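Per-chain numbering from 1; labels A, B, C and D assigned in written order.
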Amino acid sequence: MIVVMNPNAEQASIDRVMSEIERMGARPHLSRGEFRTVIGAVGEDASLDATRLASLDGVEKVVPIMKPYKLASREFKGGDSVMSIGGGKVPQVKVGGHHAVCIAGPCAVENEQMLYRIAREVHQAGATILRGGVYKPRTSPYSFQGLGLQALKWMRACGDELGMPICVEVMDTRQVEEMEPYVDCWQIGARNMQNFDLLREVGKTRKAVLLKRGLSASVKEWLMSAEYVLSQGNSQVILCERGIKTFEDSIRYSMDISSVPVAKQWSHLPIIVDPSHAAGKRDYVSALALAGMAAGADGVIVEVHYCPSEAQCDGPQALLPESFKELVTQLRTIASLTGKTFADTGVPV
Amino acid sequence: MIVVMNPNAEQASIDRVMSEIERMGARPHLSRGEFRTVIGAVGEDASLDATRLASLDGVEKVVPIMKPYKLASREFKGGDSVMSIGGGKVPQVKVGGHHAVCIAGPCAVENEQMLYRIAREVHQAGATILRGGVYKPRTSPYSFQGLGLQALKWMRACGDELGMPICVEVMDTRQVEEMEPYVDCWQIGARNMQNFDLLREVGKTRKAVLLKRGLSASVKEWLMSAEYVLSQGNSQVILCERGIKTFEDSIRYSMDISSVPVAKQWSHLPIIVDPSHAAGKRDYVSALALAGMAAGADGVIVEVHYCPSEAQCDGPQALLPESFKELVTQLRTIASLTGKTFADTGVPV
Amino acid sequence: MIVVMNPNAEQASIDRVMSEIERMGARPHLSRGEFRTVIGAVGEDASLDATRLASLDGVEKVVPIMKPYKLASREFKGGDSVMSIGGGKVPQVKVGGHHAVCIAGPCAVENEQMLYRIAREVHQAGATILRGGVYKPRTSPYSFQGLGLQALKWMRACGDELGMPICVEVMDTRQVEEMEPYVDCWQIGARNMQNFDLLREVGKTRKAVLLKRGLSASVKEWLMSAEYVLSQGNSQVILCERGIKTFEDSIRYSMDISSVPVAKQWSHLPIIVDPSHAAGKRDYVSALALAGMAAGADGVIVEVHYCPSEAQCDGPQALLPESFKELVTQLRTIASLTGKTFADTGVPV
Amino acid sequence: MIVVMNPNAEQASIDRVMSEIERMGARPHLSRGEFRTVIGAVGEDASLDATRLASLDGVEKVVPIMKPYKLASREFKGGDSVMSIGGGKVPQVKVGGHHAVCIAGPCAVENEQMLYRIAREVHQAGATILRGGVYKPRTSPYSFQGLGLQALKWMRACGDELGMPICVEVMDTRQVEEMEPYVDCWQIGARNMQNFDLLREVGKTRKAVLLKRGLSASVKEWLMSAEYVLSQGNSQVILCERGIKTFEDSIRYSMDISSVPVAKQWSHLPIIVDPSHAAGKRDYVSALALAGMAAGADGVIVEVHYCPSEAQCDGPQALLPESFKELVTQLRTIASLTGKTFADTGVPV
């Protein structure tokens, strides 16, 4: 950590900063320039309290040197982590390293029949994990809010029947206990990326966590949220880029493609992309999915519906099954370029 | 709602959109131009499902005409709403209309002694509501997370002693029941603005709700979150602008000053500003507070600490008591320009 | 164009809007709902003045239906335009449709020797157009500003010798006449995307224009800038995505990958990506280049330097020749997936 | 300047960085921590080339300590600079320090009669400098582009008659010579903030420069553009905040209110706000103007039109003369709070 003093900071302020650094267990390292005095704090950054140092008189700014996350960092673990989703009645699907994953399904589970129909179509096309919302975070209190536990039970049964682990969004700490027996992978939505109590609760379970990036979260803040889960002992975290808010209004959210190589460089955790929620419009979904894989992502999560105009939410962004099938074929080719392979579903094509 | 068709949309697609609008209970209104066909849907927008219409073949885009929120809108209530915070052992403090409010206190309650000391200082300076965090949303799992229920009891006792209602952040649905007997005003933090379950839970109580704007929430989304609370029967919602994420990195968040006149025009709810969290640095807090009042806000919420370098969180943004006192004097002058008055604390100055 | 009236707009205001629309040569189309009156203006949007309509009493907002650009639009030209760069002593290089292009070279021309060395390396690796800055737009007046005309002459000679058309940035209207005899393709930098006089001047020439997207320009504004060039009679415009400003600070600019499919849908103009300026750091350049091609771009422009630490500008983002060579190989594979081919340089590999 | 090495940087890389720093004329200062090696470069930052250091092997990042601008900085000049606009036939109007300025007029000069009428109204209301566009930067090539030199001559005559210096936008280097005899203050528009050739040209004149902030320029980049003008010997630069691009779409641009105290802290240059272009809608203009003054701005620039629906550009944002008059009265009150005074126009009210 480096403390930059104001141009006119007094000696007493400089001394105070130095003794404060020592009190925190680090070694101060004074460097006087013609225009600025800079004090390095040598020692583990984690033991240093940047905010406290920044509050001291005469301090202009504090520049951290170490990354604020640990368990999520490449320093903690050099190689790529490989996560396992599923097990028991359904196969274990791997994500990370050489294993690319394709997660697909409807935005929301609307009824049993549509769930099975879509699940079969995406499975046949190459998806190995089934997604489907049962509690839906909706901007409006007057919109469809999901069918809850009943829909979750359908998801479980459907996943078991087809041999697909299921990935389901959890929105509230009170749902964790109720949902845990059914899910294989928790989804934390973008709006809950900094719902710290929820992160802690799923961190206490031993189910994988798909952590979507918040709409205005930096890559660093995103990894800090992963750290919340990891610090509870749950090491199965998969990052998911789904677009950020920018000034551009031609699409719903701007997929931050650079977050893929950045997160890969900073962290050992796998990262997948969600082109459906980024685009908000099916015309752009395949282009974004392919771009994500080309940038080095470990997979995609895509929404599919056989009749988008009947969908109770997010119909405009759902791919038709035939487009999805074509997309998976192209994804396989790109994956091979980056040394990754999508698992076979075992379904005869 | 207006449906714009693709330049080359077929007649069958146009017919389908028109019959779908009728099925939703509205009247379709066809308008063929040289280059585009546009279909107006006349009727209450709320009964219309924009997403479903947008999913139909041949539709380029759907333009909503009505605002998506109702109870929060000026159409629902023309005049300015005046909220009441407190009552019982503490006085009722009004916010909205001609009543400006000054909420102040420490970022986090660190111990009983510091709480009382800061509370007395801010009360003396002119604050009528006491703020103080007991559960803290921290980006890092390794940072101080607040003292919880014990701190809340100190807040209650301190507020009662000084005659100040208290405003305390709630982070998790499971905390609502436990905290309700103690708080006068819930604070919903920026990161929880779209924690819809939490909004519903505080909406079921009859305590006022200070709803901070999410870091990437549009004014419309913010009012939709207010709608979640209002739709549960709790009409006491106060909006709080605290800065948004932009590319500018000279301050922590960019206070969106225009949200004040915009929210005032669209909604009858009071709106206050939080310059402390926007700025992240005390040097800029007073300028932003004054700007907020000049733009028409109904008050401010400010963090104060007598020794910022000892603060366990957000020390760099805490005003010193003497600066706060000076700020309140200037705020009173500006408030009078916009026809508002800060209540007297009853403390002899 | 659709005019939405205020909820309480008077009949006189409605009449005024209708007669104004007629005066502009379009047909007004009245639609009264329960809560809002909406007036459609049927006719060519271009003849309608949205700002003037928005200024009338009682108008809440004006919603344009048509795109504001014409010559750049898919409505004007359905198929993909193919541009030709070069000719004369150097071969004509095609961009657009099935033709992918690879432009490469140093950020700035620093001396003759380095230019030739880099040009040979990128040509050998597969680049068919040579880039190199001679006037450099620098944030600081104290930074290296380029070598000007002398450097341009070296570029010309080097391009001629290797058989590569050259692409060079022009910054000021006064440079156009001087530079025109030498360049094959003008580069308009991001900071000049709305330098309308400059756009007009290059629009009057018959050399191709590589139009970089402004750092905060929407896709629509970008196409409007293309329209400036096109409207002067120069139909050779190539769009170039180079990143936009967002809150994310892990890279220099966020490459807006979705601009590729969006621009493709809205316009017939070719679009390429500039991963070097987006990333600002060589570690991320290849991932972004590959993502751009996978999203459907018509090519890339990449900065290369054999000794980045000696570069006089933007060294940290320059790829080493060997990394560039590897990148080109991967780009060829991805291009084939989207039905595009990079031209052969004729250099024996 | 501080160079942070990669965790696994080799000794040779460290040595190279140290010798490079020495070669640049500064003293390297090595600091080895448990996890990171950090090298401080002690000496004037300006002589150090951050980009070159960042290009060296093993370097993770380079953190500048000094601000990159000099002449614009508080270090260069501690007190507030006071600029003088006008002189000769018109009075000299001061801006900065205790002098607040009110600049007003039409968006574009449409004809002689309207110019005089608006100029008289704003002068009467309290404006001391007249604004009016003669060359208009328009997003569309098909929009009204201004009346050019003829309009400028009307501006000059009108300013002379009323005793108001005039402020006029220049868009192109080729216009500088032609316009110079007529203008008192150049306006550099937001889209030209990084048109470096234009900055240099107006920097060579001795007329004041109103430098609007670019739509995606950081405060630092804005001051660097001021530095371009200052470095040519023209010390009369006035900053103008006019809104930045954010995700918020309820207004045209988000006025970055915090840029006022930040620019004040970093620079001695005066700063005014332009609420008209930020808001894009007259309903919000007064609130933003008042907020700007309350935050410490040195004045405002406001667009006024007696019949906005006849305006040839930006009608929706023009204040009516009576609203403008009321605004000026409120601005005077707020200015007095921040120790500033608006000059008297000498017009009997």
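Heads up, the rule we're going with is that a residue touches a chain if its C-beta (ideal position, glycine included) is under 8 Å from a C-beta of that chain, and two chains touch if they have at least 3 such contacts.
These figures come from a predicted structure and were not determined experimentally.
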Of B-D and B-C, the pair with more C-beta contacts is B-D
From the listed C-D, A-B or B-D, the one duplicating A-C with over half its contact pairs the same is B-D
Between the Cα centroids of chain C and chain D the separation in whole angstrom comes to 27
Expressed in whole Å, how far the mean CA point of chain B lies from that of chain C is 40
Just give me the whole-number Å value for how far the CA centre of chain B lies from that of chain D. 32
Contacts with two or more other chains occur in chain C at residues 216, 244-247, 249
Residue ranges of chain D in contact with chain B within the complex: 216, 218-220, 244, 246-251, 254-262, 265, 278-279, 283-284, 287-288, 290-296, 330, 333-334, 337
Looking at the complex, which residues from chain D come into contact with chain C? 20, 46, 51-52, 54-57, 68-69, 137-142, 171-174, 191-192, 194-198, 200, 214-216, 221, 224, 227-228, 231, 244-245, 308-311, 313-316, 318
Give every residue of chain C touching chain B within the complex, in rising order. 2, 4, 7, 29, 31-36, 38, 40, 42-45, 63, 65-66, 75, 245-247, 249
